[in-house]
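So, here come the structures, one by one.
Two complexes follow with subunit A in common, the first pairing it with subunit B and the second with subunit C.
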Partner chain A sequence: MAAVTGLEQPLVVPSAGPPARPRVWRAVVLLLAALYFLVPLGASLWYTIYTPTTGVSFEAYGELLTAEGFAASLALSLGLGLATIVLVLLLTLPAMLAVRLSAPRLRPVMEVLCTLPLVVPPITFVAGLGTSLRTGAEVLAPTPFWATLIAVQDPAFPIVLVLAYVVLVLPFVYRSLDAGLRTMDVRTLVEAARNLGASWPYVLLRVIVPNLRSALASASFLTLALVFGEFTVARLLGYQPFAVWIVTISGSRGQVSVAVSILSLLLIWLLLLAVSSAFGREKK
Partner chain B sequence: MRRPKGWLGALPLLAFYAFVFGLPLVALLVGAFTSRGEPTLANMRQSLEGGNLTSIAGSVQVSAVVALLGAVLGTFLAYAVVTSRFAALRHSVLTASGVLANFGGVPLAFFWVATLGNSGVVSGLLGLPTGALYTFWGLVVVYLYFSVPLMVLVMAPALDGLRPQWREAAANNGATSWHYWRYVGLPVLTPALLGGVVLLFGGAFAAYATAAAMGAGTVVPLVTLKIANALTSDVLIGQENVALALSLNMIVIAGLVMAVYLPLQRRSTRWLR
Partner chain C sequence: MTSKVEFRDLRRIFGKTVALDGLDLTIEPGEFVALLGPSGCGKTTALRCVAGFERPDSGAVLVDGKDITDVPANKRDAGMVFQSYSLFPNLNARDNVAFGLRVRRVPVAVRRAKADELLELVGLPTHADRFPHQLSGGQQQRVALARALALEPRVLLLDEPLSALDAKVRVALREEIRRLQLDLGITTIFVTHDQEEALSIADRVAVLRDGRLEQVGAPAEVYDRPATPFVAEFVGTMNHLVGQASPEGTVTVLGHTLPIDGPSPDSPEVDVLIRPEAVQVTPAEDGEAEVLVASFRGSSVRLRLALAGGEVLADVPGHEAVRLAAGTRVTVRLVERPVLVAPRTVTVPAPVTEPADAV
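Then we have the complex of A and B:
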């Protein structure tokens, strides 16, 4: 579709008006856009490698690896990202299959539920989450559940962040999986496999998952990108994954924090490249 | 036999959702209308006066300006790219838009601090006054960095949907370029445009990380900063419930704006086919 219109448009644009004018405004628009988007990139890069006293050096990038808390916060973010991916897929995939196969009337409900986290700003969600954690600690204090609630908030690996991130990524994962499920006939595949004697776990792992590979991959990469950059929830609940760590060191080491910002832009770019190549393969 | 099994598959997600998302929202709602266990409207009243009201107004203003400017600039950029003959240009701009639209939060703040901050590379060259980045328009410039690419992503498919034949038909009927855009182009693009404006508004309105990372030097009052301050400061006990009331105000505003978007999105997808 896009390719077809792409071929058609060049034939039309010259006939619609004087050929010189559209090119001029297009060049102006593109030039301004390039300036606006590339100058901060270049300036940030220059900021990290140049200081008036010592001249050009790549010290900030070397300092990064030895900076206090870098490895710990990076490991925490990675762990949180992986745990979020596992949990969100384990929750959404069976639910979406169940809705498709045996409760189609539930589908609009699912769609609304999975869109709601987009409407509720993360900061308001964390305000409510913090309040319910505190209230929960008061209410549950005399019961054994209190220990569970405390364990969930363990600073070494705050499971509560994983739970919150699952909610935040739910809209993106839902859309990605929904797009993947649309490309296959789930009911026929499942019924055929079941009639041939396959067990439910077998159907899920050997029939559904291989067909959804690219949707699952793109959902995972999006989740990873989101968890990596997440600041609001972690900061307000008092944990220090990667994004919070960058802010903590920015006061004393401005260059390092900008260097990390450049690296995280690269990381997002790589992750999205992985997403688009996952979807690109599917189309072919 | 099969029906109950199907329901079971959806049960974990629904239970999780109720517990992790529903419960906090209920806690927020209850907290906004209680103070030390007593039901009261004092929090809501407090959240709508003085500095709190100013911060809500500030957030709405920044978001509205970012949404409108971002929509206009993003649409022009998308049009320039979509009508270009160079496939490589189109591909690279759309890819870059995908990356930059997701590039918010903390790193974005440091990019701009390094560029236009008080010791920034470009602010030195331009001779910008100290604190120029930390003004209303400074914040708008920063937020546009992820808003314009988002608008490009929204508008590119919609602009692709404008059939060249429509333009030819209009021209054959004697329409000028102005007529074409006024009576054909814009009406077709309106749902996507409005949807984009709403998305941009929502993104700027909910943004907290960027403003927080840019530092307290920001003189623009933002409701997200206000909520965060009230939640993290241990000085005043009652402030927490005011923060919940402010959060409720935010959700109401974001919900009202989003309510416009959802039906529009359905309409605009019709043109993408």
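Then we have the complex of A and C:
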């Protein structure tokens, strides 16, 4: 052991010189970035818990957690987020695989289709959605499907929002999955698995998904973050998920409204942490 | 375990390219057949038709007399090793080998034992816990071979499994594949564009061109008695020399009279096909030929000789390189054995015009 440390020492000493400068820069950059993010955050936190007359108190947060609609809107947003993730992945992954394996010439078409939602402004999107829902109801009225559009707009769990969010997150999900699929030789892996007797669902679940873990995680991240922060579509269609509730509640009192922002930030962090650990777990 | 494989009038067209144009071939049980041909000749397509990744437009693939053309890939009994590395990156070597058994719901203990046994068979008993990215290319292909054999398939399909490896590993692994194949007695189809590879390990070599079978036969037969000029050119190298055939079944070439292999040609004007190693070269001051280029290949030297009838390639043992540098005057003799002749294609017998000091 002594010989090993003896060998390592001369290696470490000269290498300590050159990286010293970049390390200083790194610290500076880190410090600046930290200031940029933490100062406003700390200031808002201080504002929510401190009032000159009563001193430090967490009353604002207590009020928030007991406020009407907090749990309901949070649960709604969570449910919408999960449903969107499941639906968008079930939709895109098999479609992307199918295009890659059997119709590679359709790839540009798919790429454009999936990127389209980025170009359409949310306002236009909602306006279109509203019109479709109204006309749709009239068109479907004489058919046996008359109840579908009503069911879709159930305020307890508006499926129409899930459908809208699936469209909105399509570009992000497509990008992440595409990047993930690029890292492996999909065709060969699929053929190898088929050759070994695997059915298509087995190939998807046991071969593609495990090797696409990080891409799926980032797709889920983005979806969750987008659904939690989405305001326009939900507000205009008249639902009250978390983002809409925040705006509603914060209109009245200053401290509570800032507290709600901090809380939602923390919540989303926690959620993303949960998602990343759920996907990262089996990798080792 | 071993099976007979038949290709019956297999036809497959991709857009404008005809990949398979009526391929007929029968592979006997336990036989090792190499499909050899230039890229685009349809050899891989033929193999993929057996694996079920490609559907022939017409014709059929039969295994043990049963038409499997409509059987989906995952229901076929054929193990395949791919050209590109195909191990599942998320599984270690053992789990890769055991993948097929896992699909078939074989109990964990049994499939682990089987996987370890197969890894031992391919010479990687201590690598079971490594992941593909921790293995070298040769090791990955060994694991892929073990994986293909784990289900004890009736047919083993090898799609250029050695082409991504470096020369030394390639030779070692191909010998090992052959040893394994002989031990297991499994019917094997091996696709390659490397004629040396095909000749060295196959029982029979099938030469394909433009989706059609040009010749199938034992390696020595394909090499020594190529059925068509294409086979002669593709499998090894051939000299085309101007010859004069006589009605008695002999041909005069470079001043030698040699017996003709096969029927006598219609016209006395013929091309004589001679392998470079059948050309013997001796240094001589007053020799009629001159060495233009000598490329040293280790065990042998390929000489390009200029002589009155044109240029000739000759292979001589490597240790003769020193005596046969470029510019040396030599005499040329042909090995006395029957030769193949083809209708004349060399129109102008290019005479050697360069002076001796040109090179």
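For this structure, a couple of remarks:
One rule holds in what follows: the second predicted complex is superposed on the first by the 220 of 284 C-alpha atoms of A that agree within 3 Å, B and C clash if a C-alpha of one lies under 4 Å from a C-alpha of the other, contacts with A are read in each partner's own complex, and residues count from 1 in each chain.
We take it that a residue touches a chain if its C-beta (ideal position, glycine included) is under 8 Å from a C-beta of that chain, and two chains touch if they have at least 3 such contacts.
From a predicted model like this one, the values you see are computed outputs, not experimental measurements.
When the two structures are aligned on the shared chain, A:G229 is found in touch with subunit B, with no touch to subunit C.
The partner that reaches more residues of subunit A, of the two candidates subunit B and subunit C, is B. After overlaying the two complexes on the shared chain, residue contacts for A:A198 are found with subunit C alone; subunit B is out of touch. Judged by the touch definition given at the top, the superposed model places A:F37 against subunit B, while subunit C stays out of reach. In the superposition on chain A, contact of A:A141 is made with neither subunit B nor subunit C. Of the two partner chains, neither subunit B nor subunit C is touched by A:I150.
In the superposition on chain A, A:G130 contacts subunit B only, with no contact to subunit C. Of the two partner chains, subunit C is the only one touched by A:N211; subunit B is not.
Of the two partner chains placed around the shared chain by superposition, subunit C is the only one that A:D185 touches, whereas subunit B remains out of contact.
Listing the residues of subunit A that touch subunit B in their complex gives 1-2, 5-6, 8-13, 15-17, 22, 25-26, 29-30, 33, 36-37, 39-41, 43-44, 46-48, 90-92, 94-95, 97-99, 101-103, 106, 110, 113, 115-125, 127-132, 135, 163-164, 166-167, 170, 225, 229-232, 235-236, 243, 246-247, 250, 254, 257-258, 260-262, 264-265, 268-269, 272-273, 276. The touching residues of subunit C, when paired with subunit A in their complex, are 51-53, 73-76, 78-80, 82, 84-90, 99-100, 103-104, 144, 147-148, 151. For subunit A in complex with subunit C, the touching residues are 184-185, 188-189, 191-199, 202, 207, 210-211. Taken together, the subunit B residues at the contact with subunit A in this complex read 2-3, 5-14, 16-17, 20-21, 23-28, 31, 73, 76-77, 80-85, 87, 89-90, 95-96, 98-100, 102-108, 110-116, 119-122, 144-145, 148-149, 157, 160, 163-164, 167-168, 171, 177, 202, 205-206, 208-209, 212-213, 224, 227-228, 231-232, 240, 243-244, 247-248, 250-251, 254-255, 258, 262.
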